[in-house]
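A, B, C and D are the chain letters, set down in written order, and residue numbers restart from 1 in every chain.
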Amino acid sequence: MQNVRPLPQYLVGRYHGWKATSYAENSAWYRRLAEDGQRPRAMVISCCDSRVHVTSIFGADSGEFFIHRNIANLVPPYAPDGLQHGTSAAVEYAVTALHVAHLIVVGHTSCGGVAGCHAMCSGRAPELEEKSSFVGRWMDILRPGYERVKDLPEDQQVGALEREAVMVSIENLMTFPFVKTAVESGELSLHGIVHDIKNGTLMQAEDGGRRWAEI
Amino acid sequence: MQNVRPLPQYLVGRYHGWKATSYAENSAWYRRLAEDGQRPRAMVISCCDSRVHVTSIFGADSGEFFIHRNIANLVPPYAPDGLQHGTSAAVEYAVTALHVAHLIVVGHTSCGGVAGCHAMCSGRAPELEEKSSFVGRWMDILRPGYERVKDLPEDQQVGALEREAVMVSIENLMTFPFVKTAVESGELSLHGIVHDIKNGTLMQAEDGGRRWAEI
Amino acid sequence: MQNVRPLPQYLVGRYHGWKATSYAENSAWYRRLAEDGQRPRAMVISCCDSRVHVTSIFGADSGEFFIHRNIANLVPPYAPDGLQHGTSAAVEYAVTALHVAHLIVVGHTSCGGVAGCHAMCSGRAPELEEKSSFVGRWMDILRPGYERVKDLPEDQQVGALEREAVMVSIENLMTFPFVKTAVESGELSLHGIVHDIKNGTLMQAEDGGRRWAEI
Amino acid sequence: MQNVRPLPQYLVGRYHGWKATSYAENSAWYRRLAEDGQRPRAMVISCCDSRVHVTSIFGADSGEFFIHRNIANLVPPYAPDGLQHGTSAAVEYAVTALHVAHLIVVGHTSCGGVAGCHAMCSGRAPELEEKSSFVGRWMDILRPGYERVKDLPEDQQVGALEREAVMVSIENLMTFPFVKTAVESGELSLHGIVHDIKNGTLMQAEDGGRRWAEI
């Protein structure tokens, strides 16, 4: 592994600044988090996108959110087939080991993954149809959402598909037996929101996702 | 989907606070990010753990890091089998679509996933061996790392395995043709660090992971 | 005093959010509260416990409740001995200076202080018997309550003692001459409730505390 | 105890509203808080004053802050004399049982307790000097602070004494062996702020309380 390189110096500098300030001010808390373990209140599933950092939006500090981030904040359906499912593993750990009280799926506008899915499903991105396209195969999860938006006016489809990325994920979450049980017993609540990057607004799923209202 | 619930009020309040301050002060930047798209300099692969938020440690603002988070910051080997690989999709998108310049794998101490892997590989967690265990199957990725630490003194194994979670991921990254090409052409550099939650320190892989030094 | 440290940054951020929203929207009211002084309608005595915030439960905004919080929401008997009595000072100020109309004692389930008192009185917590134990000496106030519950079935005692923490406090309140006078003249009314953290219910003392009914 | 009265109806109504909304949205969290116990990150010592609710200012929800409130946010010096010390009991429980990481003393402007102390110490409130005055005896804790401000210009004394109420408390906190040990070992950090009710600003003690700066 000759390929591991030293961290870029600008990040080293910022890290030293963080350690001398934020870490120093909170060292007692970090020590306790290390010794007692984490006990986050919520799991957040959001996109890898560099423009959506939920800790900022919600003023959440270390220890509050267990965060899984993948392309387009998707959760696949339950499939206990012995294969590697990173998202399912994260959900399983959060719900069965950490017993989070809330599971919040956070979508966003201008999502590259969703746009790619829309292009693929509408026949404009054959390269994503290929077996070897990891992004394409991942976005297959959102195909049921495309079916629900494809008859909308053209200029509304991508926005609707961004909301479907949240709703499909919540539907799939309910196919996991441990999620379903926890939701039905009142130990876990599911939430779906979409963040508008440009305006900074949050839209919230209401009435089972049939309506979306600004918070 | 009667299961979607309104966002807890304390998060709504904090969000409104964020919108009136951080968002308002940076609305020009957010607007540009929305209109021009993201152009992150680095991809970070880190753990879902609520105690490790790299945006804080590195003072990173919106637009800087494309972040994938999964259990134990693992990357599986390249496998273009047409199945759903969320981590591989994120890496593919970051390298081939976003052309990030750095790919940083961030491990951490007190990692529940790594501890589970160690228990599983040493025969003390049969439940993780089951086909239906998403966490167990996901942690299979780290089995090669366990082979390299299992002969160390008992009390050093978990710590060493936390570092292996970084090194195995970097090794696996190099099995992706598009990563290998980008690294070899100098368009992409790989970095591996481990964050000590208690002390706030960062350790960096040197000499191909044979040594780890505090930054 | 080299020991004073800057406020953790996450609290600073949230405070700025509050100031830009809640404060800004209510600045006229805050200004009037500052200039005219407070004129709260009720005093609440509740526990320090992080799970019981009466302003939330009762939708109370700034200026409504004068709130004293101590371990197990206890009021000691009247003792004008010239020593420092923080709870008695708070009651005196609320009743004689602020002329509150209601004095509400709010107990709660899963109270660590009450559980400690029960352990101490039943001989299972010798460390709380020590002179130097502030928690032990404070919980001495509740000993008369223990006497009234100690013959109940074992599994009912702690719950009954949580209700006694409210009733003993109300009894002790009536030993303060200024409370007794205000109650008897109709200027002040006393109320006792217990909040069930898990179910969110409120139980109310009726018939002098002989019965408790869900509100 | 014929003196226990039903809760005023306006509070019953608001409580029912809270239970149907905030409680319902967060019932999973409340259940977990009840079953797992509280694990607050910080203890806050603030005034009973109805105009200062720190959960609002800091966007803190159930489970975050262990809150003791007394007149003028005072902590007496360590005195293990076997008498009842409600504030010392609360500090003991927070530091030794809950292991909070931060202890934040929050003073405020227009504090009636501080104003009374100033009047008493400057000879203008003989009634507070009486042995039977609970408020007077409680405010004795702040006498060392008065000594430090009494030579300031008259119109600056009360404001300075409000800040002294924070600093004297922090000094007294350090006389508790378990606080001193926790601070010196890095397990606990102390913070002092003053909230300006009128302007909504927070001032923070710097340089050991010699300077106060707006956050």
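We take it that a residue touches a chain if its C-beta (ideal position, glycine included) is under 8 Å from a C-beta of that chain, and two chains touch if they have at least 3 such contacts.
These are the chains along with the protein names UniProt gives them: A, B, C, D = Carbonic anhydrase.
Nothing here was measured: the structure is a model prediction, and the numbers come from that model.
Asks: Which chain pair is joined by more contacting C-beta pairs, B-C or A-C?
Replies: B-C
Asks: For the copies subunit A and subunit B, give the interface type as same if over half of its residue numbers appear on both sides, and as different if under half do.
Replies: Interface between subunit A and subunit B is built from largely the same residues.
Asks: Need the CA-centroid distance for the pair subunit A / subunit C, whole Å please.
Replies: 41
Asks: Mind checking the centre-to-centre distance between subunit A and subunit B? Centres are C-alpha means, answer in whole Å.
Replies: Computed value for the inter-centroid distance: 14 Å.
Asks: Could you give the separation in Å between the centres of subunit B and subunit C, each centre being the mean of its C-alpha atoms?
Replies: Centre separation, subunit B to subunit C: 46 Å.
Asks: Note the residues in subunit B that touch 2 or more other chains, in rising order.
Replies: In subunit B, residues 5-8, 13-14, 16-18, 22 touch at least two other chains, as defined above.
Asks: Specify the contact topology among the chains shown, as one of line, ring, star, complete or other.
Replies: Topology of touching chains reads as complete, every chain touching all others.
Asks: Would you mind writing out the residues of subunit A in touch with subunit B in their complex?
Replies: The touching residues are 1-8, 11-12, 14-19, 22-23, 27, 30-31, 33-35, 37-38, 40, 43, 48-53, 55-60, 62-71, 74, 76, 80-94, 97, 102, 104, 109-110, 112-113, 131-135, 137-141, 167, 170-171, 174, 183, 189-193, 197-198, 200-202, 204-206, 208-209, 215.
Asks: Can you list the residues on subunit D that touch subunit A in the complex?
Replies: By the definition above, subunit D touches subunit A via 25-29, 31-32, 36, 39, 41, 59, 63, 99, 101-102, 182, 186-189.
Asks: If we count contacts the way the header does, which residues on subunit D are in touch with subunit B in the complex?
Replies: Subunit D residues touching subunit B: 21-22, 25-26, 29, 59-61.
Asks: Name, in rising order, each residue of subunit B that touches subunit C in their complex.
Replies: 13-14, 16-18, 20-22, 24
Asks: With touch defined as at the start, can you tell me which subunit B residues reach subunit D in the complex?
Replies: Contact set of subunit B toward subunit D: 5-10, 13-14, 17.
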